[in-house]
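As written, the chain order gives the labels A, B, C, D and E, with residue 1 at the start of each chain.
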Amino acid sequence: MTATMPPNANPGLRRLNAFRFSSPQTFYPLAGKILPYFAWAAVVLGAIGLYIGFFVAPTDAQQGEAYRIIFIHVPAAWMSMFIYVVMAFWAAMGLVFNTRLSAMMATALAPTGALFTFLALWTGALWGKPTWGAWWVWDARLTSELILLFLYLGFIALHSAIEDPRRADKAAGVLALVGVVNVPIIYFSVKWWNTLHQGASVSLTGAPTMAATMLAGMAVMALAFWMYAIAAALARVRSIILERERQSDWVHEYARSLK
Amino acid sequence: MIKTLRLVIHRDLLLALRRRADVANSLLFFVIVVSLFPFGVGPEASLLRAIAPGVLWVAALLAAMLALARMFAADYADGTLEQMLLAPAPLTVVVLGKIVAHWLLTGLPLVALSPVLALQFDVPADAIGVLVASLALGTPVLSLIGAIGAALTLGVRGAGVLTALLVLPLYIPVLILGAGAVDAAAAGLDASAHLMLLGALLLGAAACALWPVAAALRIAVE
Amino acid sequence: MIKTLRLVIHRDLLLALRRRADVANSLLFFVIVVSLFPFGVGPEASLLRAIAPGVLWVAALLAAMLALARMFAADYADGTLEQMLLAPAPLTVVVLGKIVAHWLLTGLPLVALSPVLALQFDVPADAIGVLVASLALGTPVLSLIGAIGAALTLGVRGAGVLTALLVLPLYIPVLILGAGAVDAAAAGLDASAHLMLLGALLLGAAACALWPVAAALRIAVE
Amino acid sequence: MLEGVDLECVRGERTLFQGLDFTLERGALLRVAGANGSGKTSLLRIACGLTPPAHGEVRWEGKSIRALKEDYSKRIVYIGHANALKDDLTARENLLISSALAGLEETAEQVCDALERFGVGGCAMLPARVLSQGQRRRVALARLAFSAAFPLWVLDEPFTALDAAAVADLQALLAAQLARGGSVMLTTHQEVEIAAANVRRLDLL
Amino acid sequence: MLEGVDLECVRGERTLFQGLDFTLERGALLRVAGANGSGKTSLLRIACGLTPPAHGEVRWEGKSIRALKEDYSKRIVYIGHANALKDDLTARENLLISSALAGLEETAEQVCDALERFGVGGCAMLPARVLSQGQRRRVALARLAFSAAFPLWVLDEPFTALDAAAVADLQALLAAQLARGGSVMLTTHQEVEIAAANVRRLDLL
């Protein structure tokens, strides 16, 4: 057990079995095994969600067909915020416990988060043109979402600018934690300032104000995005593990076994 | 602790006194940016008045951003930063001292000079008051947020761009609120909501910025 | 001599390749300055169109001015400049190489990117061509004149401000001619007179700037 | 007492050292020796707490320095390769500020005395920029003259750029530190004799 | 043959030396010695033509170096306190460029050999930023390995930061330069023996 632990893991962690998979070496094959399930789930759910969104859901009375963007826009916007929080969580774990895998997870999540943020912005802009008559307005939610994109990009840029991977993990981790303040701002911006953008219409407490099919479509799409995000992060973390551990014996053995 | 704070501020002001030109630097940059516009845009008064709040705030933001490079880099290069990390006082106090000194040297002069420049652009008197207030509340936020970017990119290849990339998105709200306040005042509206938000930003930044800066400095020196 | 010229240019480009971010620096600065204006001034299309030539040229000038600090300072600090002075090739050739490399890294990207930014401001197509031509003629002048300022202030306390003070008065004609050309084209007038004057400035600067730079470098190293 | 336990240092992809242990008692001097690039500077920085080791820990009087934090900083003086002088401040101001930062309350006269002791009294009012290489090093080291209260001195190549007189001054200061029960950890390529019983040597490969 | 005639050097308000004469023949080594701040670096810079003396002149084969200009530059190698390395370039690139700037046409292999000779072959591909102090100095000095064609080497404290092995390497190179009739002018605080007949010493006060 101890032999498989990263040498710089916190000594306290070595005794805990629950942290077994915080070792890159044990996590690598596990990630490889579960990855295909998530990938397939993403494909299947995505197909179902898009079918509901574009064929089952009724045309909107006010907005016509344009509103169908909602099935991508809203789940993407949710994911963009959620992934950031998860990324910051892993970054914090990495900073506090000095576990390498947590920092690798944070690094692996960033591009996916940036992708969803970009998607939310892009679909939002596409939607804004017919509904508000402008691609872009400087409203609080839109601005804070744009800032979220820049935070993701800044995280990626800072990480790649620092050569020493350990230092890069730590510095980028600090940045990720600083950026967390932006997430509640995005989420509550429509409540705190009255803006052009739609307020929350889905909440856990109140009754949904949307048609059930629309809600179902959005929920399925959100699930699909979830699965995709997990699959992409796992795939990326696997390659990060190989790259970082290329000096170690187990990677050499693994490479030999592939031949 | 107060002693260390005073020491750090005193040291940075003394250094600035020795290199007076360095302080003049960001002030001069501010003045240059603002004054070049009439050359570029042409001398039409109404046009100039319309863009004045934007030009002044953009110039202040750029001046603050460029001054960030000087915040920790020199101390990092000559080994003083290591000594600060090894000092018995908590690092956050040292950081606070450096940020305060930085604002005194780069933010305060802008605030003080802005009315004169605003007059050039024929900004109405009420709006000038709001301009000064918005800069007085906004420039410390720029220094606080900027310190995080400056510390994170210390000793990194191409630190300049990276700092800009990290810091600018966080600066945009300050710019929108600041220029918005002046615009509102120039249009005869009430600017106090904008100013209150700026004040809230300042409090938030002061409460949250010191820890990440200290952490980033520790990482940079490793 | 050609060999030394090529060596110096090659070296500076290689260095830039290593610190890609540094090149991105002045480009990003240009983009940032230009893009911040809509935030500050507000998104009114007619207003933005009116100030576009001024904003673009002021931004280019500032980007060029800020990049001057990097022209000789690093070589001076780490002792490479001494080695260049002791090299068997004439110093003016080395200087020419450094100026060419500097323009390739800071001027050319601005020229290439300016049409995209001009589109943001809704500048008419004809005027965009003139904008590119004016920048292509004007930015080398900025590099040449700037080199004198950068060399004269090498190792001087507060070099930044001093460079700005020395160089800006000489930059203003370039700014007026450049922005004027674009304004004229946007108004449907003929801009060729402006461009010819810019070309003459370029020839003059190329003929006269090398020797003072070389002399200033010799003095700086003493 | 300073102890390093099972230390490992990794730089880039190279492991500089691994499983390194050392102890430094009161009144002892530890000279870290090794070829260029063997990791002496890295070890000293780990010992001060500037760089965390990849593995293992450093203990002061039995407690980990990670846990002690500022309490440990209060006990050490570190003088690195870099002199930590501000070019624009005079030698005297530089020294005043570095002593104040270390929590000492030295007066201007005491600072001038320290400079005098290191043969740079004449430069007290010159900006550090114009000093020669050796004079700069002397100014940085002058801090040691009033660092008797710090039980641990960590010095990285203190003898570089010093002439024979300055080397002798420094040797005397080191001997005094050892005599009063303080400890010294240093690196040097020059063979330097320190008149003390308890000089140990740690070789890095 | 290098000659200094009636040289005077003034820094700020201090006259460092006055009426100083020296000659350096082919095959000879001149060691400039003196306390910290006595003006050794200043003298070396005057000898290279980087700083003009306040009075007097430096002659190469009887002609003033002011008049010779580039013809003189073609004959000397100067390695100062500063290593003239670019932090972002690798050791190999740094050396390639500095040799090309000196008008040599070294190939990448020759450069790697030179680095190898100075024990930094393993660092050839590392950016100079990550090298240790001594490794940086070694990279800077590796230039000497293919500077046999230059009759005059001027070296300011070449031995600082070097470990014993590197010192021996450098001594061998210096001896070879003298043996082939070249001249060397250097400063050092360390007592270093160079196995050559013609070693002279110039003391500054």
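Going forward, a residue touches a chain if its C-beta (ideal position, glycine included) is under 8 Å from a C-beta of that chain, and two chains touch if they have at least 3 such contacts.
The shown structure was predicted, so the numbers you read here are calculated from the model rather than taken from an experiment.
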item: Partner chains shared by subunit A and subunit C (touch criterion as defined above); value: B
item: Any chain that touches subunit D and subunit B; value: A
item: Superposition rotation for subunit D onto subunit E, Cα-based, multiple of 5°; value: 180
item: Whole-Å gap between the CA centroids of subunit B and subunit E; value: 46
item: Length of the line joining the C-alpha centres of subunit A and subunit E, rounded to whole Å; value: 57
item: Cα-centroid distance, subunit D relative to subunit E, in whole angstrom; value: 30
item: CA centroid of subunit A to CA centroid of subunit D, Å; value: 47
item: Sequence positions of subunit C contacting 2 or more other chains; value: 18-19, 21, 39, 157
item: Residues of subunit D touching at least two other chains; value: 11-12, 81, 88
item: Per-residue overlap in subunit A, given as positions that touch at least 2 other chains; value: 138, 161, 163
item: Sites on subunit D touched by subunit A in the complex; value: 8, 11-13, 54-55
item: Subunit A - residues contacting subunit D, complex; value: 7-8, 163-164, 247
item: Residues of subunit B touching subunit A in the complex; value: 148, 152-153, 156-158, 162, 165-166, 168-170, 172-173, 176, 204, 208, 212, 215-216, 219-220, 222
item: Subunit E residues touching subunit D - in the complex, by the definition given at the top; value: 11-12, 34-37, 41, 81, 119-120, 123, 126, 130-135, 137-138, 157, 160-167, 189-190
item: Contact set on subunit E toward subunit C in their complex; value: 48-52, 70, 73-74, 76, 78, 80-89, 93, 97-98, 100-103, 127
